[in-house]
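Okay, so chain A shows up in both of these, paired with chain B first and chain C after.
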Partner chain A sequence: MGLTKRLFIKIIPGKTFLDKLSGTTKVRFFLLLILLLIVSWDLRVLLAVSALGIIGMISVKPNWPLVRGLTIFMLLTNLFNLFLIWLTNPNYGADLTGGCTVLLVLSKHYFISAETLFALFVRFMKFMSTFLISLCFIQCITPSEMAAGLYSIKVPYKVCTVVSLAFRYIPDIARDFENIKISMQARGMELDSKKVGFFARLKQNILILMPLIISSFDRIGNIANAMDLRGFGKGKKRTYYSEHEETKEDKIMKVCYLLTAAGIVAIMIGRIVAPPEYKMWKPW
Partner chain B sequence: MALPIIEFHDFGFRYQSQTEQTLHDVNLTIYQGEKVLILGPSGSGKSTLANCINGLIPFSYEGEISGSCKVAGIETKESSIFQLSKHVGTVQQDSDAQFVGLSVGEDIAFSLENDEVPRKDMIPMVLEAAKTVGMEDYLMEPPFNLSGGQKQKVALAGILHDHAEILLFDEPLAALDPAMGMTTVDLIDQIHKKENATVIIIEHRLEDVLYRHIDRIILVNEGTIQMDTTPDELLRSDVLKKNGIREPLYIAALKHAGIQFGKDEHLDNINELAIDRYKEKIQQEMKAVKPYVPAEKGEELLKAEHVDFAYEERQVLSDVSFTVCRGEKIAIIGKNGAGKSTMAKLLCGIIRPVAGSITIQGVNYLPLTIKEIGRKIGYVMQNPNQMLVKDMIRDEVELALVLNDFSREEIDRRVEKTLKMCDLYSMRNWPVSVLSYGQRKRVTIASILALEPEVIILDEPTAGQDYQRYSEIMGFLETLNREYHITILFITHDMHLAIEYTDRAIVFADGKCIADAPVFTVLSDESVIERANLKQTSLVLLAKQAGIDPESYIRHFIEIEREERAHGTDETTVH
Partner chain C sequence: MKESKWKQFLGVWNTKTIVGVAIGAALFGVLMVFGGIKIFSNTSLTSAMVVVVVVAALFGPVPAALTAGIGNVIADLIGGWGFWFDWSFGNLVLGLFVGLLPLYGAKISEGIFTVKHAIIYAITCIVGNIVAFGLVTPLLTSLFYSQELAITWLQAASAIVSNGVVLIVIGIPFLFLLAKRNASKTNLKKED
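Moving on, here comes the complex of A and B:
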């Protein structure tokens, strides 16, 4: 299905190690890693997580051209962001690490220091590792597993179902949109970007949205009825067909994410008990 | 004596938003283990009746109930939809929307998940249900890879776990091609026997449902029960036509031949029909039939020659050739996925052939843009709601002209002409939202006709429509063809449409054009019928049993029907 590829999601579970883990394991491990990346300013941790991310990425055999495109985009935005940080505060590193070893003076206000370069690099890694882990997560989970995983961390199941239903019906809606667009083109609507300006095209796309919304509302009514008739919303709890029992792999990963959790707690406690002088760990 | 399982007593229902009751004075008892067909045209109240049984009324649709409705001994208004769903399993009409899971297995498991059944118990239950409907090899498939019929089967599997006493099918055939429809009717029959359940089918496609035995038919119209009887009794009477239901073709044909059915006759199954009694009469009738004279062909409008098309590496169409002449009415038929929609997209220029050529009035269409082709070939989508973008009828009809930069005077002239042609002139300033389905369809056709195309292509113009609406839409198109010589291509899997309203059929199967001939020839060709997943019409069987040539018999039947319609046009086209 071309569309799910474009949407970057998997509908049919894959066959790799990460794919085979249960939704619970995937969601919990992912959320804990993200939490770790948020609290930690330690380059060693960031590098380790990035390495994990890269290994994970390779192991799930993703759609490389898409990954490449997305990575380049993220890299550029990230670099631009770092540049802006430097522009607003060239002495950014001093606040985070202490010390200011000037390497190059550019003007009265602007200079480059070793500390700033280092701090910016840490920020860069923080961002890129978050991106890598997220990408890896999206590539190895199906919407149903996501719903089951979220349910396992006590998210109400109605919310979880909304998540998986969205993925269920997005391709349908996209197909409707495509059909409506085609019929409008045949009636003479010009949607070719070379021939029509951006705003004219935007206006025409809005015109197409009208029938799309109406037909989607009809569908929502039918879906709601179908769910009611099969007992959705009856009890406080629910089970998941797509959520298999804990396997040996899941148990191994459970140890990993529990260690991660312990690490996060240690970092937090460390900060409270013995607050470090500076936020960022530095190798010197 | 079987026990009653559904009991309506002086039952009535009024939707919150309406002033009048949709159902009134309903008295009906259905017994355990019965197989009942609830028959009625759209808007007759039959779906409302179904929703009263499964509990959507009053739990999802608010309104006022009078009288009593008991399902499995429970008074529905004092129950809940969840309690009722234990007793009533429902398969809805829209097989796509009711597929809520992301895979076959997950969808079948949906009610089990809601019942908090542990996964290890769920797996064998899902497998068993899937086996019952023959979908056990597809458990991991996502809905996008399934046909309408397969989704229908999955929906059916999903209600089998609880062994509900009542299985309710709300228009199960609406979206299926003829052969798939037969499979579904057969499957329902098998499950009825196996599960020992009470089966209720809501439909208006009588002949298709009668493919398997039905115990009782309840005819609903104007919000109440018109008749509650056996299939034989119903077929013998003349109430079907009066209530906007199409008679099975063989019954209509025999009635045409002036045959009176005896009281003891089995009419619901053509194979049990005592054909010997009528043989003579039919043969007599056929003697008067004149030989076939093909109509003279008009100017060549559209020509496809050796057209190939492929999506990425998948070959969808190969070596397709045909010609369309002015004034023709052609049915493009074939099962879902046979390539007929692809062909329509090719003709409209939305996609272009990989090899071969398409010419419009002798001009190669390859260099033309979609917009330019759109002025020659109009395309009307199946669902009018997906085509209507403006609030007012007039604005909708003139949209294509505005987009094509016509002058104001020309726009006004054409819009007026088109509105008059489509009998919409008096409604030109009405908002689109107040129109009925049939009227909306007419507006979408008008919006295409405004461009004065040479050919219009209609995608499934009657899908999911009952006989009354169907007749309204098709009668209108027939008038357009007769009075204004509009050339029309119908993409359809409705055999009735092909028989009643078209002259020629182009049949697709597996990406190839396997037949291109007059409708009666195509429909009497058994190998074509089988390859294209079509259903053999009962006329062929009837003709064979009566010992006459099926081809000329179908032709004769078509002629009679058309004549009858021509005399009765006032009733069907003016609304």
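Moving on, here comes the complex of A and C:
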């Protein structure tokens, strides 16, 4: 199954420290960290979270070649975005940090200032830390743990089931896709992307897509009946098999995520009580 | 009458809808990761939106919105590139607009989809696209990441164009096809 190997789905729980945490801990910690990264413009916070992300990445022992490819891709996209920002507004840093120390003048409109470089770097770290934390989260969570974790933050369990069911269905999609592709090739369709042009590829996409969508949606009735027969949706609450009692590690992480939450609240209150002059903290 | 519209808006949340949204979200996620052709940074011409059209036709606006929103989160997860909730929200809003089908009388499951419905559908798609990626996503992006609006709008513009093309050029024929497929069921009458 070529497709599923390229996806980041973990079905079987792993054995590392992060894997062993309960779904509740993983989901809550992750969401709070993402929230912190959205709220914070402080380079110190961003660097600390990135360091945490890197440690986490190493600890979960990921599939390195896949991660490397993705990281390079993200770096390039990110750098391209930064370049675009600079292109549209060479004085990007002035509004965010205040001040404009010109380092290099390129033309009448384009120049490089220390503040802009710093602001761009902060933004770069903001993106990269979000990326690292997400990647780490993806590497250590299984679909049913994710559903359990979402349920623990009061998401209705029917929505949680949508999430875990969707993940359960992805390998089926991969299998159907392979089958449809092979039968299309048997009918003489050229699928080598080097041999066909843009519009031909677009047309092929649609030709494979339609049977895939129709066959998938035809299965709704069967799955829904099977779930109804097992009494799905009858109760008001739900428990999860993957969810275990709080272990010692969970308790340690609970302290961590509560601290993170306190940090977010502190930042927000600080912003309301004493609004900082500029959005970003800068070392000078 | 008003209440029934509201019910159509929410959709019926039975097991069938849950399974439908789940399968839709899974398809949306996979297609977003693999079914796309890159056109601009962070955006690509993806066929994933077709799935939202199908869910909209079968279940209505809120299920369609959830399909798009959860589907985008799943795409972020299996693609491994991190979570960008600003775009997930944009997709959610677009899904809501696409899903308005039953509210203006296009009942695909009963085989009702006329040229008039197609025109209204096209208009809601365009409006939804503009609201979703011209307003919601740029607003959230500048709020979350303080990105220059000009770039977000560039990305948004490419998203609007590609989604619009997929929704209208592929979506409308597909809706006619689905309606025709379901129309055969309508000559059966319920006996008392």
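As a working rule, the second predicted complex is superposed on the first by the 279 of 284 C-alpha atoms of A that agree within 3 Å, B and C clash if a C-alpha of one lies under 4 Å from a C-alpha of the other, contacts with A are read in each partner's own complex, and residues count from 1 in each chain.
To be clear about the criterion, a contact is a pair of C-beta atoms (placed from the backbone, for glycine too) under 8 Å apart; a residue touches a chain by one contact, two chains touch by 3 or more.
All values derive from a computational prediction rather than experimental measurement.
K.L.:
Would you mind checking whether chain B and chain C clash or fit side by side on chain A after the superposition?
P.N.:
fit
K.L.:
Now for A:256: first (chain B), second (chain C), both, or neither, which partner does it touch?
P.N.:
Neither partner.
K.L.:
Tell me the contact category for A:182 with respect to chain B and chain C: first, second, both or neither.
P.N.:
The answer is first: A:182 touches chain B but not chain C.
K.L.:
I'd like to know which partner A:167 touches here: chain B for first, chain C for second, both or neither.
P.N.:
Both: A:167 reaches chain B and chain C.
K.L.:
Should A:224 be classified as contacting the first partner (chain B), the second (chain C), both, or neither?
P.N.:
So A:224 meets both chain B and chain C here.
K.L.:
May I ask you to decide whether A:215 touches chain B, chain C, both, or neither, giving the answer as first, second, both or neither?
P.N.:
In the superposition, A:215 contacts chain B only.
K.L.:
For A:142 in the superposed arrangement: first (chain B), second (chain C), both or neither?
P.N.:
In the superposition, A:142 touches chain B alone.
K.L.:
So, A:245: does it touch chain B (first), chain C (second), both, or neither?
P.N.:
In the superposition, A:245 touches chain B alone.
K.L.:
After lining up the shared chain so the two structures overlap, which partner does A:232 touch, if you call chain B first and chain C second: first, second, both or neither?
P.N.:
both
K.L.:
Using only CA atoms and the superposition described at the top, report the least gap between chain B and chain C in Å.
P.N.:
5
K.L.:
Determine where on chain A the residues touched by chain B overlap those touched by chain C, and list them.
P.N.:
3, 165, 167, 210, 212, 219, 223-224, 227-228, 232-233
K.L.:
Under the definition above, what is the set of chain B residues touching chain A in their complex?
P.N.:
54-56, 59-60, 81-82, 85, 90, 92, 94, 96-103, 105-106, 109-120, 122-123, 126, 140-145, 158-159, 345, 348-350, 370-371, 373-375, 377-379, 381, 383, 385-389, 399-400, 403-404, 447-448, 451
K.L.:
Show me the residue ranges of chain C that touch chain A in the complex, using the header's touch definition.
P.N.:
Checking each residue of chain C against chain A gives 13-16, 18-27, 29-31, 33-35, 37, 41-42, 45, 47, 50-51, 54, 58, 66, 70-71, 74, 76-85, 144-148, 150-151, 154, 170, 174.
K.L.:
Flag every residue of chain A that touches chain B in the complex, lowest number first.
P.N.:
Touching chain B from chain A are residues 1, 3-4, 11-13, 142-144, 164-165, 167-168, 171-172, 176, 179-180, 182-190, 207-208, 210-212, 214-215, 218-219, 222-235, 237-245.
K.L.:
Touching chain C in the complex: which residues of chain A?
P.N.:
Its residues touching chain C are 3, 7-9, 34, 38, 41, 66-67, 70, 73-74, 77, 80-81, 84-85, 88-89, 92, 96, 123, 126-127, 130-135, 138, 158-159, 161-163, 165-167, 169-170, 173-174, 177, 198, 201-202, 205-206, 209-210, 212-213, 216-217, 219-221, 223-224, 227-228, 232-233, 279.
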